[in-house]
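These notes concern the structure reproduced below.
Each chain carries a letter (A, B, C and D) given by its place in the written order, and its residues are counted from 1.
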């Protein structure tokens, strides 16, 4: 029988991707399993063995932690990337990291397809628009008509000798990496229902801040495809980095550059969230933000205390802060008469506006 | 001797405005003292007596707390107004509230001038560009050449029978109202120096959240006039309101309206900060933001815990959240095939981009 | 045989929609033909007879010219709506006008479906995302697999007694209304090829400006779906209105309001182009723009001369122009000293910037 | 007598700067006259002799035409820089070019001051905020109190042997360079009054397009300082360049990059207009715009015909235009089913919006 080609499957070791692996083989594909280590708490060797036992042609387990931090987390921090004022994009920023390596493996191995474990639901696939050689085989009818829910997967697993988890499934799904943990779906889909406290296990890498509950949020967000969904996120490391960066940035960056850059950062956040990391506009925005960071360096002292990140002080050789200028006790270079002029000129326009509205127009 | 006219002076009861009161009289003005109650912790009656004893023609002490909340804090919360990603504008938003009443008194009393206690330094006056009949007499040379620092004020006070504070002046200045307390200048002008802990006395009105240290920040910000300055702020009530509003807004507002409104909110924040509350553009932006809030209503459950505000859940009759749509277990109205199409169409542009760059352009 | 329901078809009288009408009947639908008069040059009575003879259950020919101008062209002019700096949206702005009436007829007639004549190509359908009860039956495989090109349509027409045009089809397609004429596709798809001169027949309603060739452009634009396409447009009336409006707007609108409104106008243009007229964000933006127009009124004198629209002068009772203030020969309210202060304060920030870069920082 | 220092004066040869030259010497300064050739029609040698005869220590006449085009006009064209939708910034973009050279001469000659010929009115000086060693001596009271109008200048000239123009002064002022000619003030200050036709003499360098009246506008614009003023501009070369660039840019630039860049271009225009060419934000924006231009190259064919610039066609090796994709007659890579999905997903959000508003929510 002739193979339909080789698929590089982003494999997690769980029920879903295990079923997918077997099903893909059933459909006539060769499957290469790929598992990225981006800091999640995982028994990688067990996952390897499972993939092999299920018939994976090859298994790649790769440590992407450094490049995740350097190529994806840093740029997000530099952008002060926050989606819809709250979400620090911990999951969204990991996807292009995984996808890049997956495509790389496909190239090296001569695979024709890449795939991932989103079981026919749109919301998880949104961030893959970027991967350019992706075939969304899990959006094809043969698959989603076959597997309409967890029960179908369980039955399929039992039939094909795929180990079925013995512990009951958590009533939500979880996604963890170096930067954050997210919880969503299941019982969390009811936006009114209070989260079960202590759901947070702490992010694996930054356990101190995790222990303190830094960066925990419960939000409803707007997905790319236009629906609202609820997510609970814990981003201890990311929150600290963001706050520290924000502080040193304002300390060293010109005010007007900052305003322009702030708008670009919001755009960048939307692009990351919507899965457009690998797009010309994202590349462009990232280039611009990079430029803005040239002088953004320094030291921020902060305390993590009772779930809060407090900035205590900052210093930088690139500071634009002028202590002498700001002082209330030193006249310095500053002429109060200039301020009068500044105020009066700013008011020229306001005076005309009020003149039109029938206000008296006495000189200020 | 003929009076030069009547000045309505924003009087605080402190050393500076007491000296100003006396000095203005000395210069030939009649002075009306005006003290606004916007929630600060103050002995208003003592201030009244002091102003009278120093020669104020009249003293107005007015309770502006309700209108401060309704006309100024609410609009800021609706705008999610945050200046430079961090400052909730507690001081900036109080100024137009005070100024409005001050101008109103001037009108009723037939006064020609309004004035305030900024002693010749620009940074405090920035927010007054708005008051249209203001004469910045404290930016005139006669005054600022006379009073070049605290020592001059102390000497003047002693000479003119103005009570001099017996307790040593705090090594920073403080500004408090219903919404927040700010600390700045003095030893805080060194941005590197860690704040003395326990500086926070808690906001007078929202003592619960104040006790928990909600909304404490230490920042360097960009002033309107282009200098950077450091401020330490505690905005317990404002922080809770902002977080709750942000939550219910995302829950009830269309995604794309939200994006546009977010940009307008940033603009609004800058306008408030720069003292342009009473400007055509601020009026315009406020009108637009109002419109966006038509359906923003609901109930947010939150906990204030260890200095953090955690959202626990939300509900609203105007919610755009569709639990059925978002569910991973229900297919509902949602056709996976639509998602394929959406992804492919979004990729049309990306494929052309990569085609140009010499990538292979296999169909997704 | 039971009807599958009633379709209100946007009928043009041409080959395509005639075939569609017949095909829809063949598929079991009742068809109501709807032809909107938005100022195009058309034999409406001939079209009515044709539709009736092809089996339309009812034919509606409605004069929408007034509402097209008032509800769609005016708002676009107020927004200074120009897509990608050049296209005045003459076709895009007509679609929601037609769609609104079509939906209205469907409602009155109890029809279940609306449809239009886009023959399976995405680019024409982009602007219909708005019509909420639309079923895109022409994107369904049965149709687009049946009709893959003009030849299929011609054959089908001959077989079903649909009159086939005797004159050869123009080597491009054309769309005309009160506001503009557009030419695209066919030989124009080659972006390098110079348009055949005298292609312009002049817009039907504004023949004077049309005669002068006002508002002719040849552009490549970005479609919503991410492809670039070429269009040649002639918008004589729209161009004159836009230029006149732009002039009186700047004359009467505050500078800073104008800046904010300019951004909203660009957003509005994109929304119109992408077919989101009936969306919450478009409604929101339109509301904001409306607000900005409160004082935008006056008289603009202009000449249409050799293809150009020249503004000659303007006047308005709402003008914010202050001739006295601007005069170089009158000192007026204007104190040169204020300007010095304004300049110096604006330079505070620049001086700090240069200080950091090692420039000497002598006072200005 | 000791010199107060050396001033590099931007000298035009006219009455104003001649008086200034003499007055500066009178005040005790050494004066270096500097006249930049940026393409204006001028008898440079006559100006040199005049400056020398009036006592200039040195006279520099420098040909800046190449650098004006390369360092200032090109970047503006790349930004599609248009202020307030109409003004192509011909004067504003020349100022930083002149200022740069002026500062350079001051550096080389060891001069302490630079100055220019704005006679005490703010509007002309706005664009000099950038030059960091400027002293606005013409905003100092000694000067503006001395010269309150043209009559004072005429008298002063006669008294000091400065040649007085024999021809009557034009009833407006004019500023010309390679890129444009502007006319303002005088009788033009009445915004209602129609310009005298044939005022245009044609731009010196691009006389063909000038002859055709390309790029003539009569506008009211908002000055930096908040007043509105009227200007009549003729920018033949700039208009052609802008239109050609706009065309090739849309042809070769990704749609979403274009949107972001459009916003940056508007910002850039405001910065140029307000005199912030040499500011960190302008440098930043220029860097970003540069990046966006990487692939913007190609050939645009256009005709200049009856005052209009018509694009006839364009080609580029970097084109993102895909003729096959856009064609209505070729199915190609394009699947109509994708379009259905795209439309439906885009409507998810709209459906929820209408659901809330009580509309029926039948599936599209």
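The rule we apply is simple: a contact is a pair of C-beta atoms (placed from the backbone, for glycine too) under 8 Å apart; a residue touches a chain by one contact, two chains touch by 3 or more.
According to UniProt, the chain labels map to these proteins: A, B, C, D = Argininosuccinate synthase.
Just so it is clear, the model here is predicted, and its values are computed rather than measured.
Asks: Which one of the chains is farthest from chain A (Argininosuccinate synthase), going by Cα centres?
Replies: D
Asks: To test your reading of the model: what rotation angle superimposes chain B (Argininosuccinate synthase) on chain C (Argininosuccinate synthase) by C-alpha positions, in degrees to the nearest 5?
Replies: In short, 180 degrees.
Asks: Can you check how far apart chain A (Argininosuccinate synthase) and chain D (Argininosuccinate synthase) are, centre to centre, with Cα atoms defining each centre and the answer in Å?
Replies: Averaging C-alpha atoms per chain gives centres 42 Å apart.
Asks: So how far apart, in whole Å, are chain A (Argininosuccinate synthase) and chain C (Argininosuccinate synthase) when each is placed at the average of its C-alpha atoms?
Replies: Each chain reduced to its C-alpha mean, chain A (Argininosuccinate synthase) and chain C (Argininosuccinate synthase) end up 38 Å apart.
Asks: Indicate the residues of chain A (Argininosuccinate synthase) shared as contacts by at least two other chains.
Replies: Within chain A (Argininosuccinate synthase), the residues that touch at least two other chains are 122, 225-228, 254-256, 259, 263, 279-280, 319-320, 322, 325, 337-340, 342, 345-350, 352-353.
Asks: Based on the touch definition given at the start, go ahead and assign the chain network to line, ring, star, complete or other.
Replies: complete
Asks: Touching residues of chain A (Argininosuccinate synthase) toward chain B (Argininosuccinate synthase) in the complex: what are they?
Replies: 80, 84-86, 119-123, 125, 128-130, 132-136, 139-141, 144, 148-150, 173, 185-186, 189-195, 213, 216-222, 225-230, 246-247, 250-251, 255, 258-259, 262-263, 266, 270, 278-280, 301, 305-308, 310-315, 319-323, 325-329, 331, 334, 336-340, 342-343, 346-347, 350-351, 353-354, 359, 362, 364
Asks: Can you check the complex and tell me which residues of chain A (Argininosuccinate synthase) touch chain D (Argininosuccinate synthase)?
Replies: Residues in contact with chain D (Argininosuccinate synthase): 122, 225-228, 254, 256-257, 259-261, 263-264, 267, 279-281, 284-285, 287-288, 291-292, 345-350, 352.
Asks: Of all residues in chain B (Argininosuccinate synthase), which touch chain D (Argininosuccinate synthase) in the complex?
Replies: Its residues touching chain D (Argininosuccinate synthase) are 254-256, 295, 318-320, 322, 325, 333, 335, 337-342, 344-346, 348-349, 352-353, 355-356, 363.
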